[in-house]
Every structure is written in C-alpha cells, then in structure tokens.
Amino acid sequence: AGLPPLEQKDRYKVGFAQMESNNPWRIAETKSFHDTAESCGWDLIATDAAGSAAKQVADVDSMIAQGIDVLFLPPREEKPLIPAVKKAKAAGIPTFLVDRSVDPNAAKPGEDFVAFLGSDFIDQGRRVAEWTIANFKGDKGIIVELEGTTGSSPANDRKKGFDDRILEDDRFEIVASQSGDFARDLGRQVMETLLQAHPDVNIVYAHNDEMAIGAIQALELAGRKPGEDVLVVSIDGTRDALQAIIDGKMGVTVESSPFFGPLACETMKRYAAGESIEHWVQVKDRIFTTDNAAANIDEAY
Amino acid sequence: MLDQNAFDMRKYISRNPQSVAVWIALFVLIVFGLLRYDNFGSAYNITSFLNYNAMFIAISVGMCFVILTGGIDLSVGSVAAFTSVVAAYLSPYGIEVAMPLAILSGVGFGLFNAVCIVFGRIPPFIATLATMLGAKGGSLVISGAQTIAVDWGSNFTHLGMEKAMGIVPWTIVLVGILIIGLWIVLEMTSLGRTILAVGGGEDASVMMGLKVNRAKIFAYALSGGCAGLAGVFLASGFGAGQPLEGVGWELSAIASVVVGGTLLTGGLGSIPATVAGALLLGLVFNILNFENGKGWISFSAYWQMVIRGAFLFAVILFQTRVMYRRPNVEFAK
Amino acid sequence: MAPLLTMTGIKKHFGGVPALRDASLEIEPGEVHALIGQNGAGKSTLIKILTGLYRRDEGEVEFAGAPSHLSSPRGAQSAGIATIYQELNLVPLRSVSENVVMGQEPKSFGFMINWPEAHRRTREILSRFGIEIDVTAPLGSYSTAIQQLVAIARAVSMDAKLVIMDEPTSSLDSSEVEILFGVVRELKSSGVSVLYVSHFLDELFQICDRVTIMRDGKTVGCREIADTTKLDLIAAMLGRNADEIEAEGLTELAGGSAAFDEVVLDVDHVATGPRLSEFSMSLHRGEIVGLGGLLGSGRTEAARSIFGLDPLTSGTLRLNGREFKPAEPSEAIRARIAFLTEDRKAEGIVPDMSVRENLTLALLPSLRRNGQIDREREKELVSEFIRKLGIKTSHMDQPIRELSGGNQQKVLLARWLATKPDILILDEPTRGVDVGAKREIQAIIRTFVDEGHAVILISSEFEELVEGANRIVVMHEGKSVSELTNPGITENALVRALAHHEDATP
Amino acid sequence: MTTVTSEETMRTDYTSRLKDHGGLIALAIILVFNILVTPNFLHTQTLAVNISQVATIAIVAMGMTLVIATGGIDLSVGAVMALSGALAPLIFLSDFGQAYPVLGLIAALLFPLLAALVCGMFNGIIVSVLKVQPIIATLILFISGRGIAQVLTNGNLQTFSNPEFSYLGTGKILGFPFQGWLALAIACLLFWVVNRTIFGRYLLAIGGNERAARLAGGPVRGVKIGAYVICSVLSGLAGLIVVAINSASDAARNGNLMELDAIAAAVVGGALLQGGKAPIFGAILGAVIIQLVKYTLLANGVEDEVALIAKAAIILAAVYIQQARKE
C-alpha cells in the first residue's frame, strides 16, 4: 500500500511526539517546532514521552485519536517505535521521522513513513575520528571515550562510527570507554576517575558537548591543560562547546543540529504539493573548529 | 468486600473510604475528559489507552500483593525490561513458548527478592533496589545494550497488537483474567488472607502459626511474574525487547496501589481499587495529551510534571480529608 | 497416666544473659496447671520455647509421649498446642472472623474460603464467651478486652491437646473472667490440658489443679493446689520464708476517708465522641478517684480526654480553677498531668530504646542544659528510680524490650513519676505485674497522694479499685453515672452499681 | 520482628563484634582491593577526587538518615537539589545579582536553601499533619519538584562563571575539597543533634514508637517536620555544590537518582528503614562505600551494565552484614 496523501490546506493539525526533554539538545529541538508552528500554519500538539519508548507510542496513539493531519516523530528507539509508525499509517496520517530513524527492515521510508529527516550518528562519530587523525600532533594517542546513555542509539552509533575509524590508525588506542549519560556532571565525575586511573591520556572523545565540557572541567581541576596537553573532541555544536573551541580548550565538535522545525515545514509542504520526497532528507552537519567557531557561536543554542 | 455475607454499601464505604475516593476521582476525571475533548471517548482512544496501561495494571496488582505483606518491590520496572528482552529473543518460538518462559524469568527475580528478604533478612526496600540495579544491568548485558527485535513472523506480536474477536485487545483480556484471578486469590483463599495477615502484623502471624514465609515468597514471586507479563506486553506490543524501559515504573505502581487506598504498611487493601488507581494515574497522561491538542495552552513537558505532582497531591488530599479518615482501627506499628 | 508434657533442664540465654537456668514443667492430661513466678522469672520464655518461638539452649521436651523439637508456632499448633501469648498476637486490621479462623478456614471446592461458614463458626465460638459482635469488622475496632477474648476463642477453637494461656485475664474484668473460667472448666472436662499463667493468685485456687513455681529462671517447686496456700505460693515465688512474709504483712492500703477540700481538677460534662458522651468528675488534692466500669464503658476515653489526646467536642475541664484545654499531651504534661497508658506495647515503651531513654522520655524538656540533654542528671535520676522502684534490669542502657512485662511497666511508671506530676492518671497500672511488684506499685501510688498529689485510677480489678480509691466514679456507655464514696466502697457495692446500669439499659 | 528474631542475639562475642563493624570491614576490603588492583589508587589526588564526589551523596544521606530515623523516607531529595540548583544562578545572573555581586551571591546561597526548606516543610506537613505515607508524600515533589525547576529555567541549561560561588564546589582547604570539610562539619553537628539534644532523642523515640512518643509529650509533628526540613535543606545544599562544581545548572539532571544513592548509603550505614536509628557517621561510611564501588568499577574499566550488577551485589552484601548484626 502506498503512503497516505496529504491535502494542501492553510492550517494543519500537527503532532510532534518528543521523546524526552532532559537535555539542551531536545529542548532546542522542541522549541524549534514551536517556533515554526506559527509561520507554517500548524496547530501543534506536542507531547513528551519522558524517555520512554512505550509512552511515546501511547502519545502517538492519543494524537491519532485526536485526528492529526501529520506526524513528526523522533523515535526514541529504532524498533519499539515501529508500531507507532504503522498505526499512524493505518490511520491515514503521513509520518516524518525526525533526527533518529526506525529499523529499516521493519518499516520503510516511502512506504510506512514518508521520509527520515536527519543526520547520521555513525557518520558524526566517523567525522570526529577523521578530524582527530588529521589533527592529532603526538605520536601516540591515548583516548578516553565518554559514552552517552548506555544502550541509546546515538551512544551506540557515535561509538561505532568513531571507534571503527580511529582504530584503523595504529597511533591510537582507546584505554577506557565509560558512560557519562550525556550529562555534564557525570561526564566530569567519570573523567575525574578515569584521569586518575589513566594519567597518560591525551585525547578525550565525548559523545556530546555536555560531557565534553564536564571533561574539560575535570581536566582543569586536575591541573591539566585541555587543548594543550589533552585534546578534547565531541559532537553537537552547542554554544558552550563553541566557546570552549574559541578559548582553545577543545578541538572540534561535529554539528548535530536540533533546529528541525523549518526543515520539517518545508518537507511537509513539498509532500502536500505532491512532490515525491527522498527517503532520507539529509541534514548537512557542519564541523566546528577554531576556524569557524567564532563566526557561528551566535546562532548556536 | 467479598468477605461479607451480603454486600452492604454503607459498610463498604465506611471501611474502605480510601478505595472509594479513587473510584470517585476516576469517575470525575472520565466525565471531565468526555465533556471537554472530542474523540476522548472514541473506541480508538479507549482501546489504545487500555492496551498501553495493561502493563501498568499488571505490575500494580503484583505490587499490591507485595505491599499488602508490608513489603515493597522496586525492581518491577527493570524486571519488566529484562523479560521484554527475554520474550523478544524467544519470540520466534511463538507466544506459547515466549510468554511462559519470559514470565518465568520474572518469577525468578521475584524469588531472588524473596530469598534475600525472607531468608537473608534484608529489608525489602534494599533487596529490591539491588535487584532493580541487577536486572537493569542484566538486561543490558543479555541484549548487548541494544533493543532486540521480535520475530514479526511468528504469532508473538498478536498478543500486543491484535484484538480478541476484533474488539478487545488481547492484553486487556489477559489482564482482566489476571485481575479476577488475583482478586479471588486475595479475597477467597487462605494464601490471600495470610498475605493480608502478614502485612497486618508479621509477628502476630507467626504466632498464629500462619505460613508467613510462604505468603511472602508468593507475593514477591507474583510481583516478579506480573512484571514478567508486563515485559511480554512490552515486547509484543512494541515489537522489541527494550532493556532501557521501565524506568520509574515502580514508583507509578506504588502510587497506583496507594491511591487505590492500600496501606503501605500492609494488611489492608484491594485489587479492584488498585486497578482503578493505575487507570487514574494513566488517565492523567492521556488527558494532558488531549489538553495539548486543545491548543488553549500547550503544556511544556515541565508543566506536565508539575501538574502530575499536583494531581497526585489533590487525590491524596481528597483521600485523607474529604472522605472520612481511616476505618476505626488502631494501627499496630 | 503418662504426663502430656514434660520439660526438663531447660536453659536459655539471651545474648549471654540467662533467662532460664534450669526450668522444668510437667503437665498431666486433662489438668489445669498453673505457672507462676515474679516478673522476669521466665514464664513467658518457657512457653515460647515450648511453642517453638525460641530455640532452647539445652534441655528435653516431651509432648504426648514423643520427644519434641518444635521450631515454629505453626508446628506447635499442628502438634496440638494452642497458645495465647502474653502480648496480644492478633492482627488488628483484619476482621474478627479472620483472626479466629485463620490457619484453619472452612473451605468450599477445596480452596475457596467459605466466608459465611467462617462467620457462623466465629459467632458460635464467641457466643460461648458471651460476645455478640459484628465479626466482619476489623478486630482493632474493639476494646482490648474483646481482643483478648477473641485470642482466647481462637486458641480454644483449635482442638488442641494443650491450651496455653499467658496472663489471659490481665485485661478482663470480673464478669469476663468468670466466662473464661467456665470455658477452662469445659476444656478440662473434655480432657484438654490447660497451662495457665497468672499473677492473680486467687484465680488459681478457683480453677487450677496444680501449680509450678518459677524463680530466676528455675523451677523451684510444683504443688497440688489443694495442699497449698496463697502465702506459701508467694513465699515460694519470692524465695522467702512464709512466716517472714506474714510478719511483714501485705498491708491493706485502704484509702483514708479524710476530707478533701482543694479541687485540683474539675471535669464538667465532657464529651469526645460516641465512646465518651458525658463525663463529669472532680478530683481533690490527696485523693485517689477510681473509675469503675465494664469494658468499653469509656474509662480510657475519659482519661484520654483529660490528657489532651482526644479533642473535646463539648464540656469543660478546669484545672486548679482555671479552664484547661489541652490540645496535645505535651500541654497536659506541662500542666503537671501524667498518664500511664493501658497498652504498654503500643503506646508505652519505645522497644529499641534503653531503659534510661524510656524512663526520661516525658521529662526531656526539664533535662535541657545548654541546648543539650544533661546526661549526668539523667543518669542520676534513672539510677534513683531504678533503685526506688526495684526495676530489674542488667544496666540502665539495656533495651527495654528485653525486660519482662512487669519491669517494663515499672519503667513506665517511673517515667511519669519522674515528671513530678500533680495529677497522675493510671490506666490499669498493675496489669501483668506480679504480686510483689503490685504491692510496691500500690505503695508508690499511696506515697504519691500522701505527698499531696491526686490520682485517677482505672482498673478492671475491683479489688484494686476498692482497696485503693477514696471515691469511685462509675461509668457506663461513655457516661459517668454514679459515684461511690467511702465508707460505701465495697466490691459488692461496686458490682451492684454496675449491674444496676447494666440492667437499666437493654 | 523483635520477639521473633531476638533469639539471634545469641552469638559468640567474636562474630557479633565482627558484625558491629560490618561497614568498616566492607570498606577495608574495597580499599585493599583498590590498592592492589586499581592503578594510581594511593595518590592524594585520588583521595581528593573521591572526597569531592562523595560529599554530595554524604550530605544528602545524612539528611536521609534523619528522615529514615522517624520511620519515613524522602524520595524528593534529587528534585530539591535540582530546584535549589536552578535558583542559585537565576539569582546571581539576574539584574540584581549583577548589580550587587556580593548581595547577589549571598542571596544565591540563601534563597535556594530557603526554597529547599519550604519543600521540606511541604513534605513534613503532608507526612505529619495529613498523615500521608512518606513514600507517597515525597513522591509528589519527586514528580513535580524537578518540573518546577525546569519551568523556572524554561528547561535551559544555565551556565555561568562565578568563582566565588564555585568555591563551594571547587575550593580547597589544606589541599582537600571544601565540600568534604563541609560534609564533615555537618556530620559533627548532626551527630551532636542526634545524640545529645532533646530533638535527637525525640527523633529516635518517634521512629521507635510514635504513639508512645506522643503520649510522653513528644512534639511529634514538629520533630518530623524538622527531620524533613533538615533533609531538604541538606539536599538543597548538595544541589548548590553540584551547580558550583560544574559552573552550570542543569535542572533536568542535577540530583537525578540521588534518592536511591542516599537511601542505599543510609541503610548500608546502619539506618533501619522502620525507624529508631540515626547513625550519622554510618551514613558517611555508607556514602563512602558506594562512592568507592563506583570509583573502583569505573577506574578498572568495568562496563556500565556489569557495574550495575556489581553495585547491586555489593549493596546486598553490605546490608546483609549490617542486618545480621541487628538481631
């Protein structure tokens, strides 16, 4: 069966089923949808699943019951959100997945949902690795990796992308890889501990900027000089991270933009107009270094 | 209320003022929803609401038994996550294999709790807290920290996604059977009465020569089994074993039980009222989602937390103040 | 005939402290056997060993002709031993029926409890005790006396070979005691043995065949009741010579009939709810006023109303002429009122705290020095009271739960005496206290009033009331209905006063 | 359980003494293990790191110990941390705070603690006046307290640079973290309160037998409210410390899951959940054990999921030893 069509009208009842709001990135993303609502003619119903994939499905259910026209869904997990996608389709609601996707073996773009708008977490990790390989000056890179929430897909993917690429180069060794739960405070605590156990570390790779900032604090508290004797690299592109890059404490952060509102609006309008949408509307993630951090800090979140 | 010759409403109310409160609150909330929102009473909303909340009802009634013995089970959420992974792995063998074995794995955690509590004399709060951590670690280990896809080809997902005779979701049917079964166990069997007696006074129950240990072991095993069933629903209804699910489920189950009028110290409580408590707390989420759809005020996630807390507060106030106090019973510590 | 039960050479230590040194006990089939001894002699401990609640360190137990190694009350029950423990051991939250039938519920289909049958059976058993109550109501909604009777009913209904009663009458009044005796005789005539522990020696002469006496964890004798006297028993319990004791004389403490003129407390038509609807009395300096009544007559509620535990719904209290409206016990305590509760376990002791901490609990505000507790003075006070009241404790920092019931009671009495109250309300002050200690407590009370204070005494023991009180206010169904004054206070008069009102209301 | 289990008080002196120090023995084992296995464990910096990390758990656990002593429990500690942590930067980053830095700093320390105090009052009143069971009573703020913090900050992370304020989390005295000294001072104070003052005596009496305490004139409500207030204020303080170390306040994460760590620490330290015991230094010991376990597993590269299982096992073992001692 084909995708449910979307008629062209002035106002749409739009559902946005956010998965959680416990980090700046998610908050920025939700805000971006709210900000877009007015200009795009949306009556936005935004729910929050508080980190539970099951509740996210229930939220989608309640939006289906309310008769939304379009669904934007950042699926908390690859597989558990498939029922939500299928139910929306069964109810004749076109769905756009945002920032994460679902298992392509079970639900297919262009068939079960219209398209996936977002970037590629594995690629983000890989790009950090490539930048590090190119820019690391020493002979031996001793890496501590701060993972995101154990078991979450960005953590798994960013680890895979980075580890696979960096270990191709035998200058590098990952001596410790522990979860900092995507949080600044935990990132700091974990870094403090790992620094004691591995004093010779000279590269820190964090799965997000928050943990990277925490790691920088830990390094400074321990009397190290982040940016000079330890290279800190990470993903997201937050304001604090760009500031750290400007201050010379951090090497690179690969952008992972949360501002999906405008892209969502544009893609939906194209779909309503009958255009066929590419299965993966890829977001062009920039890469922030000393070269461009100062220029971009004002628009960072 | 089954333990009376004839059902006497006045007596029931005066002895169970707290359970009455939950029914009233539930009724009020439903009427509010029906009047205020379109489609709130639609078949789609009702069935999907019940289908989702079947998991919480299952763990709440299991929790109710544990609380009735005067204990507590903090491990239910993690155990449900664990069993969802087990069920997902077993899904290719079909529901008839995956469900019993997954539930059994939940019972295993329950038994572990029981052993720590009954024989190791570890306070329930701590024993089940440890199991909560252990089960979470365990589910991450066996799943390799990934969600585990179920086999869509077998009949496993029918349980969570299809309806009996096309009307009632299978989960509801199962949970209904569970509720009735446990209600009978609690009200009509000596095991159930022993559980109540143990919660009402453990020393006294020992001195009365009751099978205290058996009652406690049963309660924890049951709670584990109910969490196991919730895990099966989770895997079957969402198509995946989810090691990260279940966070905070124990607290919502405890809240359901208490809102249903069960004493946390044990010895007094009811299964139907617990179910009402679970529905009541679930309904708050559903209503908040509908309220968002009104567009009148779009609650941010934070406001939702504040409102949920305030609502719990209101229900508790209602329970303690508006309805009369406790039945006239001197509480032994 | 072979004895039903023989216990020999039983030893038991609690954390190094011996509770039983060498106890033995022998019970014949179909006899009513008394077990007596001072507080802390080890009676309850011996019983708990018999029923498997405690494990013995040494000794032999033989029951019904076979060596017995019971390890749980459950095992004891199925072996044919039914027990009423000293501390109430029922579940107040659950219904009366459940408390009676639990463990042997009538079933239908083999697994479903047949509730109608259970209720019927419970009513039937209770009717033997003259109790007609709603058996579906929670047990805790009934008075201690009814709860005690329910516990007895449960034990009696168990088809046991041996029924153990550890101080069953401590919360019963005389009419209920009579009912109980009837039941004990019935048991006996059907061949059931009864082990009967009591501090009321008079009772033993009414129903027991033989008596075993314990002292300091040892069995010191076993006599035929017919061949002994009360004095003998007391002497044996105390380990002293009978003549000596007689010489000292257990002097009667009959209150004088002096004129009391200074009113310290005036209670005027006070009500706190359905259980206390109209209560009036006055209390004078130097006077002991007894509250007489049957169970549930509202005596405890009357005391609670004065102590600020239940808010008054109407009426007034006047203390030394001034209106007094305590909202909390702490206010009553500040006004120099003290209240010794009848429920030692639930409202009296803090079990895990030491004797010292329990004793000074009501006194803390006056022990404050430099923002903290004056520990020196605390210790002094405590040792003083331990000495004065003869409290048997290994040291003042022993947890109070390890003391025997009677000694716990003394600690609680000391708690209140230490606050130097003007008015002391005593609710069943000698419940569970041995004869010696009882006399001591009564003497303490007497000294206390002689010092110019006043006492309100609630007791279900008519003897105690009649001997102790200068005046008795008779209560009935939450109302104070009449008053007996000296010289008109006799047991007969009291019984008549109670019976009068009992008949007057259907 | 007293009557049924006191049986077991009967033990040889040797084993009972061993169990009296169960917590210390557990600590010793962990220390020896670390000295043998963990790289660079014997290093003052390691000590400093651990002290700085344990301080917040210890501070909250001490407050929790008081609440547990009354027979209660406080699930809202994490939420209160978030709330007070969110308020501080709001205050010193406000116009007022910028205009009068000193006043702003003082206000930024006082107001959050005041807010925490109000939370404690709220918990205490619901528990003691409305007689709601503590888990549920404190569940209210557990759910909504963090929500309030996020509403106040609009969910945003607040970052700042304020060295004076950050002293709370990064300052050092004699080479050791300021918050460690703070925790020690609080411990001494609370130890005195519990063991020497009337409040402390009533606290234990209420946990031991509330009705008896009331009949003996104990100000039951006041003391219970006091315990919850102290617990909340200490949580508020811990929230400020976390914010101070990070130079950032994250209402979503500050104090997340703290209630579990604090309860576990209190119980491992010898608190009885049914009330009546308030081992203050036990709480610190419990916090130290939990911290060291965390440190050991992290430093030795144990995976997160396995670490959870190990943590569970160690909590069980420590409490088992403690528990056996009780009876």
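Which chain is which? They are A, B, C and D, in the order written, and residues in each are numbered from 1.
The working rule: contacts are C-beta pairs under 8 Å (C-beta built on N, C-alpha and C of every residue); 3 or more make two chains touch, one makes a residue touch a chain.
Note that the structure is a prediction, hence the values are computed from the model and not measured.
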* Structure fact -> Chain centres computed over CA atoms; the one at greatest distance from chain B is chain C
* **Rounded Å distance, chain A centre to chain B centre (Cα mean)** => 34
* In whole angstrom, what separates the CA-based centres of chain C and chain D? -> 43
* Euclidean distance of C-alpha centroids - chain A vs chain C, Å -> 71
* In chain B, what residues contact two or more other chains? -> 140, 145, 203, 206, 263, 300-302, 304, 333
* Asked: Where in chain A do residues touch two or more other chains at once?
  -> 21, 150
* **Residue list for chain C, restricted to those that touch at least two other chains** => 53, 346
* All pairs of touching chains, each written as two labels joined by a dash -> A-B, A-D, B-C, B-D, C-D
* To do: Provide the residue numbers of chain B that touch chain C in the complex, in ascending order.
  => 2-5, 11, 15, 184, 188-190, 193-194, 196-197, 199-201, 203-211, 263, 267-268, 327-333
* Structure fact -> In the complex, the residues of chain A that touch chain B are 13, 18, 20-21, 30, 34, 43-48, 50-55, 57-59, 61-67, 77-83, 91, 103, 105-106, 149-152, 156
* To do: Can you check the complex and tell me which residues of chain C touch chain B?
  => 53, 72-74, 76-78, 83, 85, 88-95, 97-99, 102-103, 105, 107, 111-113, 115-116, 119, 136-138, 140-141, 154, 346
* Touching residues (chain side chain D, partner chain C) in the complex -> 2-4, 6-7, 9-11, 13, 192, 196-198, 201-202, 204-205, 208-209, 211-219, 276-277
* Asked: For chain D, which residues count as touching chain A in their complex?
  -> 38-41, 43, 45-46, 49, 52-53, 150, 155-157, 159, 170, 242, 245-248, 250, 252-254, 256, 294-295, 298-301, 304-305
